[in-house]
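Structures follow.
Both complexes below contain subunit A, partnered by subunit B and then by subunit C.
Now for the complex of A and B:
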């Protein structure tokens, strides 16, 4: 059904890139890049992109044009790398222009005035980030280089924050007003996450080992943990409040140690319950995927059961185990935000404060660090698993493939 | 070397081995053969205690095998299996060095031994030492499996259908290799298979097992010329029984020595008669010149020498 071999190469060489570039352009021209209000209680006046100074527009237009052109270029490694670079430059220039415009508007207005990031900004940022991720993934870079490139793309953003160029954006104003609260919230957030990680590992790993040895028990354990996953987090926090309060009343020593119906204790218990599923499942799956012949040969050559575990099963399970740990951490960083509702603190408390006060910038101040943390954990663990892949996982799949 | 006396083994109420008596002498190439479920693999696994016998006695080098810790006895016996079981996350070098490392050899000696073994198995050491198993073909992987089994120079080599999953060409190559290794090293080999041609080709003694009992234990030629009963005859395959008989006899045994007038075709003195007959049928020749190891004519083989 295909037409005879085309004489001309196709005009559009990268359809996803073209679609994202169009999406970016729509956001740029139809939606406001900023929203400016005389104070934070009044909803703002939209600031269209085209009302920005010509220098800012020129700064953004150069990389944007390159992004658009990228869809029509031959898809070589080099052109994909150029597109990734253009996307990174666009993100930086977008932030720079937004910061500059906020300063310009701020200088004309009172101190209470707020310039917040508009929907157009978010659409452009999202499109540019997707283009960056997609072109980096397809540019044929080795995993470490890809990770480094991804990090490097956001160095200008970090510098702009560090040197105060974005200080007149409302998010940063909220940050300046609450730097202490913010820092404390980050610490609290990490305490919740690590606090849940420790029992998850202590319970989940042995359960996973057990599940890999006794598949019947494993199936029932995973089914039980799966049911917990279906309970909405707020409901689970609520369910834990009553028994923990009763416990604290019955045993005052526990209450004194911080075991109460609200606060850190129910948050950590609930997160642990959620995190057990990926932990147990990936531990069991990782251990179970050692091919039977490998274990039989190992035993036949005189490796002890302990040696088989540490030299064969554990190294072969490690990539799957790490991916379980990645899911666990990402999930608990996200869920820990909800724990603010039962008084456990963390970045969620800033987010919810913003939600209840209808202050979008406060919500962002809580949410953006969570997103950054999840992305950092994700990248770090993918990198670690990727560097383990060389012998282990390819070999394991090859071996099981041959067995079938 | 290995002696079973009155050994029985059951899984629950299901008896797999019953009152087995068998002595495997030093230097023997003993092939255990039987249908699937006959208990042949279990007999092999009893030797290195991957399975424990319920009653009777198994002695290895004169001592009851239960007087050793299982790991100790296993490290003294090479072990190769059908699924090969190379460690996918270790290089070829590390795989081969498994048992020497367990035994605490120094690295210099291990390195020399690995080179020696890769050369013995006809593998290019320089190219594959640092490769991972999945980068090798199935035949190469099993060569590594055999090298690994031989690594610590064990007293006994246990092989459980080692070539069962290989393609015919790789299988024949490895069969020739293991026969050569047996001749060169004089190792005691206990080899499980369900392939009668493989057994006839390799064994110095065939042990035919059915329902956990030994039906016949004899050198290949005796099994073929004097099958103990109908079961053995069926197992040998009635249709090409005659051809199998030919396959265990060499040309040198039937040729007319000293008759050196050249014929239309030639055959090696060490080749088997089945090969010679096949060549006669294919070329239409009624006699073949027999050549010695250096290619000189040492005699002549007539069709009537084979059939007569």
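Now for the complex of A and C:
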């Protein structure tokens, strides 16, 4: 494109927003927003967006027009915040319209009828989420405020799920059919993650402290843990299976205590092995990053080595340590899904059950909560790190750069 | 990274080459010996009727696995580097924050979830596995290419300009060569994740080294699981060692 002439301001002020708005419009008009089938065995007929009732369309059109117009407005903080708000409203109205249409179609058909979310829905949701994230990033808010705004955008969605407005969508029907299984799967998933986190902290933190004191040992430890990281999770589960089942056979007491080739034991051992790397590395890096001058000043003030550790090194290492913890947790929530293959349970078992049975709604019911959990952990730790950074903004910020 | 990580370039090359040779030898030996190991596995697992996986040849599985990872990786290199080059040019600069937001959000998705969610889009088999692997590996490659190009010192760019290079020449002769080590690190990350995801992709009907594991798990055949796990581990270590060797070469070459 030609550079704008100095006389006329450019017509398009935000080309990425325009591109996303066009993407959203293509999804809205070319792809079905829902797919409706008389029962779960027959593949559904597409429900185009324009066949929705006028009230739903009007509800979505208002924020959508604002999104499109945002590309032509002067780009100020205020206008970007307005675009973010419009994106949030669009996401809510899209969900509301989809839920209402599913109820309307459900009322006309038999109880076995199913309305599932169509490709157009996902394209519009993706485009609106990207517009929301991008305009929040451009609006120049501090990171914690950005995160809070992002979370607030999904409160209406949570309320709609909570108050049953989406109950006629097939995913939610699938959930209602197996609410107990789902709840148990969430608990199992958390048990795996926390079960791996405890030994990771107990082993990883002392190892990290040791590594920060003896760089030679630290290098060798990290190299060894790095080799473990390169082994794919499914293979590590498989490698642990034979020795553990042999152990359970040889020592029946261990078998009775739940140490077997399949189930929780190999899952927790494998996850711990993976999580040690970020934990040891970030603990060591955090502690090693304390500026020499700060330590000397503390010594000069008469602090003992122990006091220096707890009052100087640990607070300065905390942000790097927290980012290690964030990586650890995000990684183990994802890996725990694979552990379902070796019978450890959790949300992965719902997901794989859906994959094996070719049931899309089950796949969604398993996979979406996993993604939401990872994002929640990620956001929580970034929020904590952001607040720490603001609290320690004088000089200590130098220690926070590691780990993205 | 930090003081904890980097040894001298020359010693890094030597160590990397030794590691690659060891990994290749062990993996090759494992692959050749596996079809003849029936009696070993029969002795280890006396209760199994079929102690050796024979539905596919192991060499064929390795090739299919590597093919899936390499094809999706190549696709991701083209798309990821292309996007990164676009957003670091004046014409695409506006799109940079969008691309960075996209990669940051997408990387919080676990690879297995990407795999599972791509099945509804294209059905079972090679397709969803290829799509999920390619989609997921675009992210680290794109991210690293951007930070690699951003890290090119302004003095190098000015020198290129002073030599009368066109923007096109500067990209291929200054920016990309200087960014190569960081780009390669991104490609290594992608390949490492993809070798694992390709194994899990056996659950959606793709042919890979995950097949013995999945079939073994479904049929309570621990020997199959062990055979698949050993070969995947070997393959992952060989590929990682190969990347380490290339990176070490590159570092030495860049150092002088």
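Worth pointing out:
Basically, the second predicted complex is superposed on the first by the 381 of 404 C-alpha atoms of A that agree within 3 Å, B and C clash if a C-alpha of one lies under 4 Å from a C-alpha of the other, contacts with A are read in each partner's own complex, and residues count from 1 in each chain.
The working rule: a contact is a pair of C-beta atoms (placed from the backbone, for glycine too) under 8 Å apart; a residue touches a chain by one contact, two chains touch by 3 or more.
For clarity, every value in this text was computed on a predicted model and none was experimentally measured.
Residue contacts after overlaying the shared chain place A:292 against subunit B, while subunit C stays out of touching range. By the touch criterion defined above, A:218 lies against subunit C but remains apart from subunit B after alignment on the C-alpha atoms of chain A. Judged by the touch definition given at the top, the superposed model places A:303 against subunit B, while subunit C stays out of reach. When the two complexes are overlaid on their common chain A, residue A:330 makes contact with subunit C while staying clear of subunit B. Once chain A of one complex is fitted onto chain A of the other, the partner contacts of A:385 are absent, as it touches neither subunit B nor subunit C. By the touch criterion defined above, A:312 reaches subunit B but does not reach subunit C. When subunit B and subunit C are set side by side, the one touching more residues of subunit A is C. By the touch criterion stated above, A:339 is placed in contact with neither subunit B nor subunit C. Taken together, the two structures place residues 402 of subunit A in contact with subunit B in one case and with subunit C in the other. The part of subunit A that touches subunit C in the complex is made up of residues 1, 14-16, 19-20, 119, 129-130, 133-134, 137-138, 211, 215, 218-219, 222, 227, 229-239, 241-242, 245, 261-262, 281, 284-285, 288-289, 330, 333-335, 337-338, 341-342, 348, 351-352, 354-356, 358, 360, 363-364, 366-367, 370-371, 374-375, 378, 402. The part of subunit A that touches subunit B in the complex is made up of residues 291-304, 307, 311-312, 315-316, 390-392, 394-399, 402-403.
Of all the residues in subunit C, the ones that touch subunit A in their complex are 2-5, 44, 91, 94-95, 97-98, 101-102, 105, 108-113, 116-117, 119-121, 124, 192, 195-197, 199-200, 203-204, 210, 213-214, 216-217, 222, 225-226, 228-230, 232-233, 236-237, 240. Residues 48, 50, 70-75, 79, 81-91, 98-99, 102, 132-134, 138, 145, 148-149, 158 of subunit B touch subunit A in their complex.
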